[in-house]
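To keep things simple, chains are lettered A, B, C and D as they appear, and every chain counts its residues starting from 1.
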Amino acid sequence: MIFGKSLYCSFIIIACFFTVATAQNEAVATVDSVGQILPQPPGNIIVADHKYDNGGIIDIAWDRSPDDPLGIDGYNIYRACGDGDFEIVAFVLPGGMESYSFIDDKVERGESYRYKISVISSGGESFSESSVSVRGDWEFFDLDKLNILILGIIVCGSVIGFIFTARAGRKLFIRKISGLEALEEAVGRATEMGRPILFIPGILDMDDVQTLAAITILARVSRIVADYDSKIEMPVSRSLVMTTARETIKNSYLAAGRPDAYYDDMVHYVTDEQFGYVAAVNGIMVRDKPATCLYLGAFFAESLILAETGNYIGAIQIAGTARPGQLPFFVAACDYTLIGEELFAASAYLSGDPKQLGSLKGQDVGKFVAMAAMIIGTLAVTVVSAWQFKFFGWLSDLMYSMFSTN
Amino acid sequence: MTNIGVYISLLLIFGGLLAILIYSLKGRDVDRRIIFLFVLFSVASAIIFHIEFEESATPIVKKVFEFVENLPPESKILISFDFDPAMKPEVHPMANAFVRHALVKGHKLYLMGLWPQGQALMTETIEYVLKPEFPNAVYGEDYVMLGYKAGNEGVLNVIITDFRKMYSTDAHGTSLDSIPLFDDVKSAKDMDLIFPVGGGKPGPKEWILFVGDPGNVPIAPGLAAVVAPLIYPYYPRQAIGLLGGVKGAAEYESELKKNYKEFENVETPALQMMGPQTMAHIVIMAFIVIGNIGFFRARRRKWQEGN
Amino acid sequence: MGFWEQFGIWLAALFTIGIISFLYKDNVLYKACEAIFVGVSAGYWFVVYYWDMLYKKFYQQVTDPVNPEWYPWLGVILGVLMLTRLSNKIGWLSRWPLAFVVGATAGLYMMVYFVSNAIVQIQGTIVPLAEGTAGDIIANILVAAGTFCGLIYFFFSKEHRGAFGGAAKIGIWFLMITFGASFGYTVMSRMSLMIGRIDFLFGRWLELIP
Amino acid sequence: MKRTIPVIIVSVVGTVLVLSVFFPPVQTMGEDFSLFFDIIAVFAFFLGGGNLVRIHLVKIYRKRPDWGFSVVTLVGFFVTLLVGLGKLSVTGVTASVTAPDSFLQTIFVNIITPLSSTMYALLAFYVASASYRAFRAKNREATILLIAAFIILLGRTPLGMKLTGWIPEWLSILQIPNLAVWIMNAPNLAGQRAILIGVGLGVVAMSLRLILGMDRTYLGSDND
């Protein structure tokens, strides 16, 4: 019985609510000249300068029109610069949300803007009030990237710290990297056999870090080659790489005291076209039969074509790249492969210079930080999500924000 | 004629593999040119003689097939063509297979698309699959073509509340109010199943996030192979199953062929595309096995000689 | 089919056979294809660079009638310095643009890689392990443990011995699974490239496919 | 002087670009760099293209073996240059070299495309020969590599489902196609992540060595 009564009451309440709601609707609804009912305008328009930008962005947010759930066509965003006239800048489709936002990235730094939002439906278009005026400002420092700066300082700091430790004369242990240990032997073998060493620095230009790594390794390799009086052959697919590589090899020969043995055509340009280059390198391989092939740098589909041809001619092959997609092919077809990080460490390793080896130790600190963060972060979020253990909430929030990149 | 070709080439390939197996049991390595020849020959013969393999559907594809099977007749199914000609070889066969399956079960079809190039491919499906194979299907009563609408996810946001806000007419300009299929359809929520077919943005992922999840509509995406791994995590909670790449399409075609006599002789482009791929895979796997047998054989011999 | 179209098909067929013949051994046809490929493509890319970079990004910018830019000139100055290599006397000036390129690449990509490789991937590993089905949980733990051991493998300053060595070993296993899986996964897409060529040879050229 | 200035340039340019990331007013400096880079690269091409021409001219002049092919290369190079720089087309001169009627486009479609796609297609053969040779159970690592690759390969053929379709639903993860998906999603992801994190840190350390002027052998300042 009681149940029935409360049901009855709630019916009355709902009915009242509806009456009031429709009454309100009627009170606000305006009728345009044609006789159609105009939609109610959106409200609560908030405009603000976009944070941590160059000054060219303003954020706009507004609450939906009360008619939004009943079906509208969308919202127009109008903008006025200074005291100027309003112009339409964008149209936003309805999405069923309570409030909408828009990022206007086409404003001038230092100018002030006002915004107006209109709602469009079959009844017509009705406008909101004009917003307050906001100026597009720039900020000097990007606070959103503070976490990246901190992490960067930790990693760079430990690299530099260990460089100084090494400089002070403390001996640092670095394990053997077999691919790099094999390098000298591979050069020696080529010398014995009287055949050249083929050096392929990838197919990207100097604006790729892997090519840069290849050039720093080339400096070491060409020094060994000059010392052994061996021959290096380096077809390249980018002119700028050619120029840089020539400079590098020339200096190695100079440092080895044999500048007369250097000639420019050790490094020669082929073509920028990926597979044209591959076709030519394949030809060079089967005709000149290099004893050792080194593929270090950025590789794409050609990785396996090169490595299989090298295998066919019986060359010792050492490869290295940072592209996970191509590593499998090198691993499958080459004698040694420098995997990712090892490629970038190679030059420092080969230099044998204690300071540079120190930087490798610093890199390890970076890995240690990464691993510690993974463990702490994973445990914290697991505990929080599985047992609602609020105590660790701050920790998981900290880890999330520390490694967020927006 | 082609059958003889198939048998002869299969005989040659598998006989050859057997011969090589015996050869390598003596512990010798196969020249790589022989491998090249086998790969070339197997792929070429599969292409020339249209060698097809029956695909048994993996559970993730079978779920989709069975879902359609178990829908009551006259259920409403929406297919969205969210792809362009570049992606066509991979995903168009899926759309066609869906159309066949839906109509043979007597369901109602709604075709639309979020990619401008999708409209031409939609017409292709209607002209070359739907009309010739289902001459009794009546436009407006059994299927309707809504066509392409610009607006990406925005379109989805609108049709989940009301189709008529986005589409006042179908692709031919007929008002939705005069199309019988729309008598009891207001929004995308009234659909019993949605097949978004595509592989870019907007595409199946957007359908899951903007329609499937909020509207609680079953979604069965058909995907290009490159994006399939990204959508797998949505299965089985947000997608009832999915078709990934040519292989997924081929499995669906195979299921259709197996279950419906009337589709025995229809074009199955995905199965046809899988033919050479499968041949090549089998040959490669055979060589891996042969290589390992030879390797162990040689090692054992060395070990015995050592003793 | 017109003569020129037929000619184009025959040319393409000849090129296709020429390149494939390399699989048997190096030969005259392959050498010819290689020579044509190198010459034509080198010319092609220079033309593209010339119009896209030098013309559009430099010439059109500095001669813009409304709003001429001055800073592309800096690039040209660096480019001209690069050409000093041709002279023995002032050739050392060419090191300046090289140094500029090296410094800029190092500086620019240092942060890009740090953020998009290191930070984003670490962020990806920080997930609640105990969520979803039993399978999900196992997978989550496996991914976390695998990433951890994989990183241990990359440590340079510690010998791979003892428990540390054991973890490094597991790390290598994970790397091997990764390599094996990506290799196997790629085979299919590589096959479709060849299928395309064979389709061309037997279909469009010889018209053998019914 | 000849060696110090380049090192200073590397340090200054590198440091400025590293820091520019954090300061919105100069955040677009990276884009300016790529503009400079593109222009420098074109100038470098004068050296590269010049080198190509010189090498082949020498080969022809000295009548080295296969010098005939050098003639072919040079003819191809200069014809393409002429056609492209002159914007030649069927109708005389075209507005853009990428227009379908330009001779450069004809060259691209009829010469470069078939050559390059066939070269790419060679990969299919090499994938086969590499897997024959490399996927052998020589030791534990190689065995793991082999098993992972084999499962994925099987998962992509009808054989995978044929062989393991009988496995009951509650153990369906062990069906090969599902196992293949799982390997791609779980252990594969772990390996990829470890590699990527390592690469990120490796790039930071290498860039630091270059910017700090520690690794400068490429500019040859080891001994003087």
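Definition applied: a contact is a pair of C-beta atoms (placed from the backbone, for glycine too) under 8 Å apart; a residue touches a chain by one contact, two chains touch by 3 or more.
Just so you know, these numbers come straight off a predicted model, no measurement behind them.
Ranking C-D and A-C by contacting C-beta pairs places C-D first. The mean-CA centres of subunit C and subunit D are about 2 angstrom from one another, to the nearest whole unit.
The geometric centre of subunit A is 17 Å away from that of subunit D, both derived from CA atoms.
In terms of their C-alpha centroids, the spacing between subunit A and subunit B amounts to 33 Å.
Across the assembly, subunit C contributes residues 19, 22-23, 31, 33-34, 37-38, 40-42, 44, 49, 82, 85, 95, 98, 101-102, 104, 106, 109, 111, 113-116, 118-119, 122, 125, 144, 147, 151, 154, 175, 178-180, 182-183, 186-188, 191, 194 that each touch 2 or more other chains.
Multi-chain contact residues, meaning those touching two or more other chains, occur in subunit A at positions 148, 152, 155, 206-207, 209, 212, 215, 240, 243-244, 247, 269-271, 273, 275-276, 279, 324, 327, 329, 331-332, 339-342, 345, 360, 363, 366-367, 370.
Counting partner chains per residue, subunit B shows two or more touched chains at residues 32, 36, 39-40, 43, 277, 280-281, 284. With chains as nodes and touching pairs as edges, the resulting graph is complete, every pair of chains being joined. Residues 8, 11-12, 15-16, 19-20, 22-23, 31-44, 46-54, 57-58, 71-72, 74-76, 78-80, 82-83, 85-86, 92, 95-104, 106-111, 113-119, 121-122, 124-125, 135, 139, 142-147, 149-151, 153-154, 171-188, 190-191, 193-194, 196-197, 200 of subunit C touch subunit D in their complex. Of all the residues in subunit D, the ones that touch subunit C in their complex are 2, 5-7, 9-18, 21, 30, 32-33, 35-47, 49, 52, 66, 69-70, 72-81, 83-85, 97, 104, 107-125, 127, 131, 135, 140-142, 144-153, 156, 173, 182-201, 203-204, 206-208, 210-211, 218-219.
By the touch rule above, subunit C contacts subunit B in their complex via residues 23-24, 187-189, 191-192, 194-195, 198-199, 202-203, 208-210. Contact residues on subunit B toward subunit A in their complex (touch as defined above): 32, 151, 154-155, 157-158, 160-162, 165, 214.
Those residues of subunit B whose C-beta lies close enough to touch subunit D in the complex are 30, 32, 35-36, 38-40, 43, 53-60, 229, 232-233, 247, 277-278, 280-285, 287-288, 290-292, 295-296.
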